[in-house]
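Note that the chains take the letters A, B and C in the order they are written out, and that residue 1 is the start of every chain.
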Amino acid sequence: MKQKYLPLTATILIFVLSYALCAAQYPNILSTRVIGNLLTDNAFLGIAAVGMTFVILSGGIDLSVGSVIAFTGVFLAVVLEHTSMHPLAAFALVLAITTLFGALMGVIIHYLEMPAFIVTLAGMFLARGMAFVLSIDSIPIKHPFYATLKGFYYKLPGGGRITLIGGLMLLVFAVGILIAHRTRFGTNVYALGGGTATAKLMGVPIASTTVKIYALSGLLAGLSGIVFSLYTSAGYSLAAVGVELDAITAVVIGGTLLTGGSGFVAGTLVGIFIQGLIQTYITFDGSLSSWWTKILIGALLFAFILLQKGIIHLSRDDRQRA
Amino acid sequence: MTSILRTYLARLLPQLIALVAIVIAISMTFPGFLNLDFQNGRLYGSLIDILNRGAPVVLLAIGMTVVIATKGIDLSVGAVMAICGAVAASFITSGHSLFETILITLAVGLLCGMWNGILVAVLDIQPIIATLVLMVAGRGIAQLVTEGAILTFNDPGLIFIGSGSFAGLPMPVVVWLVFGVLVALLVRQSALGMLIEAIGVNRQASTLSGVLTPVLLIAAYMLSGLCAAIAGIIAAADIRGADANNAGLWLELDAILAVVVGGTSLLGGRFSIAASVLGAIIIQAINTGILLSGFPPEFNLIIKAAIVVFILVLQSPRFRTAFAFLAVPGRAAKTTEQEAK
Amino acid sequence: MQASSDNILSAVRIDKGFPGTKALDKVDFHLQRGEVHALLGENGAGKSTLIKCLTGAYRRDGGSILLDGVEVDPRDTFDAQRLGIGTVYQEVNLLPNLSVAENLFLGRQPRRFGMVDIRAMNRKARELLSEYELELDVTRALASYSVAIQQVVAIARAVDLSGKVLILDEPTASLDAHEVALLFRIVRRLKARGLGIIFITHFLEQVYEISDRITVLRNGRLVGTRNTADLARRDLVAMMIGRELAAEIHAVHANAAEGEPRYRFRNYGRRGRIDPFDLNVRGGEVVGIAGLLGSGRTETAEVLFGAHRADSGTAEIDGRRVELSSPRAAIRQKFGFCPEDRKTDGIVGDLSVRENIVLALQARRGWTRPISRAEQNRLADLYIRALDIRTADREKPIKLLSGGNQQKAILARWLATEPEFLILDEPTRGIDVGAHAEIVRLIESLREKGMSLIVISSEIEELVAYSTRVIVLRDRAHVAELGGERITAHQIVEAIAAANERRAS
């Protein structure tokens, strides 16, 4: 088997195994209702994680995601409350803002040669600050269009539902996979993660690729914010704190190398499912405490970091023998 | 000796100027800002408040400075704070003496630091990734210790650390002052400071010169863990309980910011603990100042972001080279002088 | 020089200077269609500077470049590629994490309906590689293939993109005999297609195997261009290291160390880096190490110092077994080591000259016993004066000093530890003439004080001047030892050339 599929295979294996274990204990977990909820509850996280996957594949990081989600939610709530703008127009407007915001961070990272960690940390403060400025209260969104959107779902046999936002997440993943593997931009993202200097020598447009990556992450964080506002029917500036961390974790558990250059968008989806499954299991169990989620996820994170370290070692040895 | 003192002051000058400017700005909008009262054997006033409220970040920044000087970063300090607060609360409530409780809590902090240090120095994992593990899992571990509840205690000794006073100053201020001075003396009076800087600038060359790199790296992360433990005790003592969910939440970012404001480069090398402490106080002064001046607190984060961006731009290599072109020789010399600081 | 119609690439009177040094001084270079042209010279001779000027990686200060008789001025490596000059480096400049096909077609992937047509790309990649006798799974990551195959993929990409001139910069450095044979078959095939190929290597037998002509550079100047068939091996070595310039100097060391060796290394080595060797060193002795680049000189030094732990053999000091398992262990035995790559292994750039000088001593004492500031100042001033380190003051960051002064500061770092066994790897490389002479004098005086030194240098005259013995290396093994009257530039050159000849036969 190709080495690059090894972490992804491990992820899928862990997911299937743990799902089987859960199902053995609680057969109900196999029901379409649970699966539908898994999709709906994790939709905003999944969409943000797709953007994060691209950022991490390129060797960067984006800490602003959670704040951008909160900003988007508050922005929508405020706009819909105070103006007569149609939600769709508001969606387009906020997506434009968050995309620009991401692009701006990309510009600073590339042209001022500053570490992505710190630039996006500033972005995190800024986005959350903007949300605070718009409103410090939780504002409910009562626009009838929201109710309409929530009414859309696909009924699965067995009573489960794929809601609009759950479906949207799957769509975003599909498009993300396409972009990552079937476009020149996607290959350029991997190229950046493989080594900026070499990529530059080989003709990859570093500047535009970097800016596009962070713009994409901003766009998807905005979309995730829209989904989150649909999910909660409210905008709150303290919402979605730490979502970036969950997204990063999903990406790494999904088999993507945190140093960049190797991994799959599809893996991130499995990473999301694993996190969701742990939560679902703990809910089902009832007696297990919620903190095991964090500890388990931390342990998984550690296991994957070690696994990837091992693979890198192995491939180095392999090449020497070859 | 005076020349050393002068270079020391010169290093801190930008931070001092910034702090003074902020204090003046606040006292102009809020006249009572500079007032100090002495009541019940303790000083009161906004300035003291800043020093008191800033205690956890100051403490975290002390450890973070040393870690960043080795070209590393420690994302786990907030979570370690939560763990240590939980440990302290659970030991004191289960009947251990204050001394035992503090000793064990500090040991737990050191252990957390050692874990990070081993991942970085022995397994050679990038610091940002290595410390992410504990950042994610740490809060869960803290909740495991407190069993999900906010573990309250009423041991007067432990509470004293959070809200008591000593020599007219609130205990947290006394703790970070004493600890900061101790650490600064330790690194500067021993050869630790220089060796750590050498590792941060060029790990390979340092190892070839016989520097015991792995041990020093682990020690740096252990110091950071120890700082987080002390900060955790103070935070818990302050609210008379351990809140595993919120103790130290996002404080790692404030600590990193304090180090950056203090002028220590994220690329490792030269560091100043005093400057990072000033950086932390600057951040706290801004927070308090915005609160006091009647400025809507919503703007707090935006101002913080603006300050980060401003400092980052000043530190950016591109920006410096761009200005090296423009600067006339005399001014160029001045900027390099400032850089040296 | 040659009829210009034959020349696919001509570089005329190329000048390039860096602050303080002249890297290329009016160098002429002509490459013909369908020839393999070896470009030779020791480190710092100007080979890579010339290549970088040809490919636009550096802007030349003067001179002109003609490609197919037309003057060209490549702005960067891309531009050069577009014009027809492709380069393949020793460190394969491809992306190991991408698939072979993606590496071949990065930036020009075939597309259908705006999406990359992966099947077409893979098919084209297979077609392209079949011209190079390679049948690979082009969808696998480049990293999963050996360096030789990566090298061929890099050549395929470069030729596909450029197609007139191919520059091979030390492509064989990490290949075994079979892989070199594969590479050479491909080079011959490309030559038959009419490409002009510039081949840079330090393996002389490969030069004789594959090249048609040889151009030698030394110290940034052209020494000459010869037909390979007409150039005897020893003349070539002489051209490269400049024996004819050196009036057979041989310093006779009257009091050259006698008596029992203090340091005995038996069967000492590390697999994959340096074959096991025996080495005895007396007090007051300078053992010179000669050999071409890549012959195992630096590897010898690193194993002796414990930077790479020896996996065979024993080390003894004054009859006592010692373990030199790490630099710290070696330093405890009073060893010192000035590495070849000053920038990555030597200086700690942001720290001051003072701190750089006391670093090793401080590391040996441990952090709990700091050297007082007064003592640091005294040591720094002492060595700044003794070695004439040119610096405004001892607090200046060392990265702001010139190469020669950095080298002296590193020497000072070790002298401050009062070593008894000092290893110097290319101590005079890349530094100006004045500092050069001072370092040679310093080596002499250290020897006279009874220190044992190992000095690695590619400058033969220098070795002759200070060595009491010279060990000749090739192919990561110690192959000859010269002592006493036999230490002459002529003998050393003979030994290096003979060693190479033996291998070729």
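In this text, contacts are C-beta pairs under 8 Å (C-beta built on N, C-alpha and C of every residue); 3 or more make two chains touch, one makes a residue touch a chain.
All figures in this text were calculated on a predicted structure; none of them were measured in a lab.
S.K.: Max contacts between which two chains?
M.R.: Greatest number of C-beta pairs in contact occurs for A-B.
S.K.: Which chain has its C-alpha centroid farthest away from the centroid of chain B?
M.R.: C
S.K.: From the mean C-alpha coordinate of chain A to that of chain C, what's the distance rounded to whole Å?
M.R.: It comes to 46 Å between the two C-alpha centres.
S.K.: Please work out the Cα centroid separation of chain B and chain C, and write it as a whole number of Å.
M.R.: Distance between chain centres, rounded to whole Å: 45 Å.
S.K.: How many angstrom lie between the centres of chain A and chain B, each centre taken as the mean Cα position?
M.R.: Going by mean C-alpha positions, chain A sits 30 Å from chain B.
S.K.: Taking each residue of chain A in turn, which ones touch at least two of the other chains?
M.R.: none
S.K.: Going through chain C residue by residue, note those that touch at least 2 other chains and give them in order.
M.R.: none
S.K.: Which residues belonging to chain B are in contact with no fewer than two other chains?
M.R.: As it turns out, chain B has no residue touching two or more other chains.
S.K.: Please give the residue numbers of chain B that touch chain C in the complex, ascending.
M.R.: The touching residues are 4, 189-192, 194-195, 197-198, 201-202, 204-212, 216, 269-270.
S.K.: Mind listing the chain C positions that touch chain B in their complex?
M.R.: Per the stated touch rule, the residues are 305, 307, 327-328, 331, 337, 339, 344-351, 355, 359-360, 362-371, 373, 413.
S.K.: Under the touch definition given earlier, write down the residues of chain A that touch chain C in their complex.
M.R.: 2-4, 178, 181-184, 186-188, 190-191, 193-195, 198-199, 201-204, 261-262, 315, 318-320, 322
S.K.: Help me check something: in the complex, which residues belonging to chain C touch chain A?
M.R.: Residues of chain C touching chain A: 77-78, 93-98, 102-103, 106-107, 109, 111, 114-116, 118, 139-141, 143-147, 272.
S.K.: So in the complex, the part of chain A that touches chain B is made up of which residues?
M.R.: Listed in rising order, the residues of chain A that touch chain B are 61, 108, 111-115, 117-119, 121-126, 128-130, 132-133, 136, 241, 245, 248-249, 258-259, 289-299, 301-302, 305-306, 309.
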